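Letters A, B, C and D name the chains as they come in the text, with residue numbers starting at 1 for each one.
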Amino acid sequence: MSINTFGHLFRVTTWGESHGPALGATIDGCPPGVALDEAMIQQWLDRRKPGQSKYTTQRREADEVRILSGVFQGQTTGTPIQLMIENTDQRSKDYGDIAEKFRPGHADITYWQKYGIRDYRGGGRSSARETAARVAAGGVARAALAAMLPDLRITGYMVQMGPHKIDRARFDWAEIETNPFWVPDTVAAADWAAYLDDLRKSGNSVGAVIEVTARGLPAGLGAPIYAKLDTDLAAAMMSINAVKGVEIGEGMASAALTGVDNADEISMGNDGRPVFSSNHAGGILGGISTGQDVVLRFAVKPTSSILTPRKTITKSGENTEIITKGRHDPCVGIRAVPVAEAMMACVLLDHVLLHRGQVGENRGHIG
Amino acid sequence: MSINTFGHLFRVTTWGESHGPALGATIDGCPPGVALDEAMIQQWLDRRKPGQSKYTTQRREADEVRILSGVFQGQTTGTPIQLMIENTDQRSKDYGDIAEKFRPGHADITYWQKYGIRDYRGGGRSSARETAARVAAGGVARAALAAMLPDLRITGYMVQMGPHKIDRARFDWAEIETNPFWVPDTVAAADWAAYLDDLRKSGNSVGAVIEVTARGLPAGLGAPIYAKLDTDLAAAMMSINAVKGVEIGEGMASAALTGVDNADEISMGNDGRPVFSSNHAGGILGGISTGQDVVLRFAVKPTSSILTPRKTITKSGENTEIITKGRHDPCVGIRAVPVAEAMMACVLLDHVLLHRGQVGENRGHIG
Amino acid sequence: MSINTFGHLFRVTTWGESHGPALGATIDGCPPGVALDEAMIQQWLDRRKPGQSKYTTQRREADEVRILSGVFQGQTTGTPIQLMIENTDQRSKDYGDIAEKFRPGHADITYWQKYGIRDYRGGGRSSARETAARVAAGGVARAALAAMLPDLRITGYMVQMGPHKIDRARFDWAEIETNPFWVPDTVAAADWAAYLDDLRKSGNSVGAVIEVTARGLPAGLGAPIYAKLDTDLAAAMMSINAVKGVEIGEGMASAALTGVDNADEISMGNDGRPVFSSNHAGGILGGISTGQDVVLRFAVKPTSSILTPRKTITKSGENTEIITKGRHDPCVGIRAVPVAEAMMACVLLDHVLLHRGQVGENRGHIG
Amino acid sequence: MSINTFGHLFRVTTWGESHGPALGATIDGCPPGVALDEAMIQQWLDRRKPGQSKYTTQRREADEVRILSGVFQGQTTGTPIQLMIENTDQRSKDYGDIAEKFRPGHADITYWQKYGIRDYRGGGRSSARETAARVAAGGVARAALAAMLPDLRITGYMVQMGPHKIDRARFDWAEIETNPFWVPDTVAAADWAAYLDDLRKSGNSVGAVIEVTARGLPAGLGAPIYAKLDTDLAAAMMSINAVKGVEIGEGMASAALTGVDNADEISMGNDGRPVFSSNHAGGILGGISTGQDVVLRFAVKPTSSILTPRKTITKSGENTEIITKGRHDPCVGIRAVPVAEAMMACVLLDHVLLHRGQVGENRGHIG
């Protein structure tokens, strides 16, 4: 895996900065003959787009994607697909202070120390704006998956904002698209709106936990030992800005379980396929999918760009304070939802191709 | 990253099964001129070796490593290093049942479905025995790091067994090597011994949380966007058998923090280097090390091979029960400690080389 | 190496088709702090640009490169550099016939058989137009090399057109830039002009041999066994359209030499560095540079798009004939010269970084 | 591609030195369910084994391969295959001189300058002994190909020794296995025997040209732009010790052809598949196989270890002479034949898997 690329066969390289002329994704290894046009990608970008509610940054970006290569007469050709999104609302003047001061909790200081040069406008390459390119790439992956695995559904949603968790008893898939937080719990949606409004007004921000589920994934995807499906998913999620933890199935809570409790017992289903009594494993055993839902969660830390003053230093080594004005997300976790779905789509397609390449189709039959 | 390989420049490929003639690691990209002999690697293998207390599997393996290539006259030559560990205690008869039945929570079923053939003896490739190869590779990485970053210390330890967490107030680095659990808390060590003994006798097993800290790592290691230091560390840990969650710094708990609380404020230290008021970030910002301690945690699920009967199916599709006899770890998390240290060492060396390759040395000076 | 990417650390992915909206190169792993602007890249593109003499295609492309990312305030930032060249002169109507018939000697038929879809306009992805992206990437590599190896000079030139070879006794570096063939021999330049004119008028085309020399490269670059400097150079040249053979140093002629004749004898030079009596090796031994000039040659086959009718088949399987009208190069080898220089620059920079990453600096001293 | 690894999906890493305890190949990505045992690999190693005639080195190595992993009950499991060959005849005393002096034309000097340490016994890692590992890996590739492409035949043979070329009019496939030079021309076999005997006795050595043909390869294998089939084949051959030139189809001679002559005209065959009037392309167009024979050639330079004294220097920088005693091949090209076949097998299998991964099966139908 090279620095700005991920994937084994379906390989995505993202490029671009927050305030440069454009950003995008270069996709190599997409299967040929996949129906694809810009609208099919745009629908996913529109879900991530900033400025859609008062809970996300007020930066106004059309986030219009252009396909510059790899598609001919509405189908992928099997050659590289270049997706470009032009930046249109680069209000650079907001960022003057950042050029000299480092925001605590932000990549400002590490980029500077490493490279000795950075595009400080809007965080440059470290900006969450880079995730637009991931969502665009995910749109291509979804198009290919739609043809290869028509029953697959990838759904992301928030399960925690700050200290507030959803009530799993109220979980409703249909709710997810109806509120600005992608939360499957109506009551939580209302509570969180009030909570986040207060935080935002006080110049503060907050973290979140996102869950992503893939339903309808067949058994057999993934590979030992360093290309495990869970390894690649964990890397994909951890690579998203501000993510500090990733869990598969029971995740960190599996530490507290006994082997008796953790066993997802197996029996034969009526359709002649294995049925599991539970899904502590999150749909993955030994790095390979079981055919159950793949379930992962990740934590997003609070935005470091806040209006509350924090102590910091300047490039020239003076102690000072910083207030980050500009247009920032009070809970950047909200916009991480479509990003995580996109990353899941890319990883799953990659493993579909990798599996087909090495194995062809599942070889071990049960019953 | 290919299937059984990890790393960008310092690349490790592990090979071998639990009950084959041998297992090992093929290491490519090690710097030349590193002092290295078998004893330097053996010391780390001895820490992971099974059968050292009643809390780990009673399989007796010498785990003696042989260097087959890449070292001449006590120094690495810069060419591939082959490390081989012969298996000596393969009591295969214990595993007869596994050939036909799938252990719930184990890779038995997914390997079978994917490949249609698997070495079922001891779990074959999916056995935790594979981690011996990682520890050996980690020994090489440690030798190279010792020369390049003499102040670096990588230390793993358990912070939770089942529901029992350590008391951070009692944290003592010196305790870690004095008890069978690598726990930095004497009281916890005693409590856990009793707890695990009971579990083991009842034919059960339990999960754990391991923390690994790298002290003395300079700022500037890591890279955006898909080769972030935290991304590579998360992948490295998630690739270890039975790991279900990975956290950097605050990890999943960062979701509950506000931006004000999460900010690790910065000031200039007396030595002219930045000092941070806290380390919520776990030593990594934007995927690049800050110079603070790198701190990560991961959860290991309970061993799925237990003496308590669990419902399962056979290869031919019949419902049945399974009891896994044989020699298994009641808390496989214990032996994950030296494995995680080894993975951390490999990832850090890889990033030291990657940084030197692309950047040379840190270019951005403060003050 | 993924499908459309080359390089270990300095990684270049090209994208785009002959008649799509744009083409370009995504560059990952460039060192930070390299002085770079569009003019520095444009100078190399201008050398490759079509339509500059009657000996190359009359397609008129400005070939203006835009840097979309990775450069800030005139310096590379260490993050991905996106180079885009918009296509402006896509006279698609010339290509109607190609959609249904396959040109003998062209990738038309293999792309079709493999992918079942291809952008037939101008050859789509298989067009030599893709090499503009390589030249742009080479411009970035040259900028980085200028800072790291200021004495390095990479020079390409033609040494054979059709059956006509240059006279090495007349070799003059200064001649190369003075004629449309990049040939270091004035007499050959004049002869070839007449020869090619005749060929062009007769609706035919012809092959060529290009030589590329890197002067001023230090010893120690390259690596065993599969990342040898000669291996990577051979792959780089063979990946250029229409290339059918690659030679290092004596090349194919080394088969006819004896060991006594082939030995480049070594003595100590007055500057305390090894001096070689000859350079049969082409500057590379065991895959690693010796400090002598690196010398390679490659053969370019004649353009397959010719006005002379050739027998072929249609997609629907009918026997027919084809004449390729449109704007084609009578000797595509001419424009391969700047492309080959660019590929050499990319490979050398990649090995400079790889060497620095693994080894740091040369460790074995003589004398 | 990492330093000592080649392949995209079928990835081979070789390790080991001439006089270390063992050498071998680590193979990742082999399909599961391939029938494989040691004898199937040994048959290929036996063809390359030294000491089989007076025309190759008199070193006596059993070259017995052991499969240490990845095979269970006679079938590959899809997990890494470790192949080990123990060195048994390391007569190190022959090499004392080499430790201090550099052989002209040998990697001695470049390894030393780069790494500052090298296993000088028998050339260490730069020894042609490394190619045994390639042949073993090729045996695995052949086993997998036998199942997937039963009609495929990969055959290598010498077409030139020193200045002496075969007479293509006498070409006879059946001759190849009947003489010590793998030459398909009885007359040449006899002539070369006398020629090489004289050379050997005079303490000299000579180069050679090897041709490798793959018959029965389907159309559609390969990929643009940097993973072209010819690119990967060229790299594979150039990575073999002492290779200085690689040609596909017409190779370097294509420079002298006109477009009219070079066109392999196409018509529909009686079996409904395209037929070509000639094969100047060597079976590859645009990096993708045409279904014709894939034909490549490469030149091997003469062995640099010769008994005739040559001028050189010592590590301490003194001018001196060197005579290389020991057991060396007077024409190392002979033993390159099975090595080249093995490399071809590995590359073809890799592309079979890559094609299946990305495309599935050929999608474009003719007629």
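Keep in mind that, in the parts below, contacts are C-beta pairs under 8 Å (C-beta built on N, C-alpha and C of every residue); 3 or more make two chains touch, one makes a residue touch a chain.
Please read these numbers as outputs of a predicted model, since none were measured by experiment.
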Chain pair, B-C or A-B, that carries the greater number of C-beta contacts: A-B
Farthest-lying chain, centroid of Cα atoms versus that of chain A: D
Distance from chain C to chain B - Cα centre to Cα centre, in angstrom: 45
Distance between chain centroids, defined by C-alpha means - chain A, chain B (Å): 26
Shared interface positions of chain D, touching two or more other chains: 2-5, 9, 14, 29, 32-33, 78-79, 114-118, 125, 224, 354, 358-359, 363
List of chain C residues in touch with chain B within their complex: 9, 29-33, 78-79, 224, 353-354, 356-360, 363
Contact set on chain B toward chain D in their complex: 2-5, 9, 11, 13-17, 20-24, 26, 28-29, 32-33, 66, 68-70, 72-73, 75-82, 84, 114-119, 124-125
Touch list for chain C against partner chain D, complex: 1-6, 8, 14, 102, 104-118, 125-126, 130, 160-163, 199, 204-209, 219-220, 222-228, 230-232, 234-235, 238-239, 241, 244-268, 272, 274, 276-277, 280-282, 284-291, 297, 299-306, 308, 310-313, 315-319, 333, 354-355, 358-359, 362-367
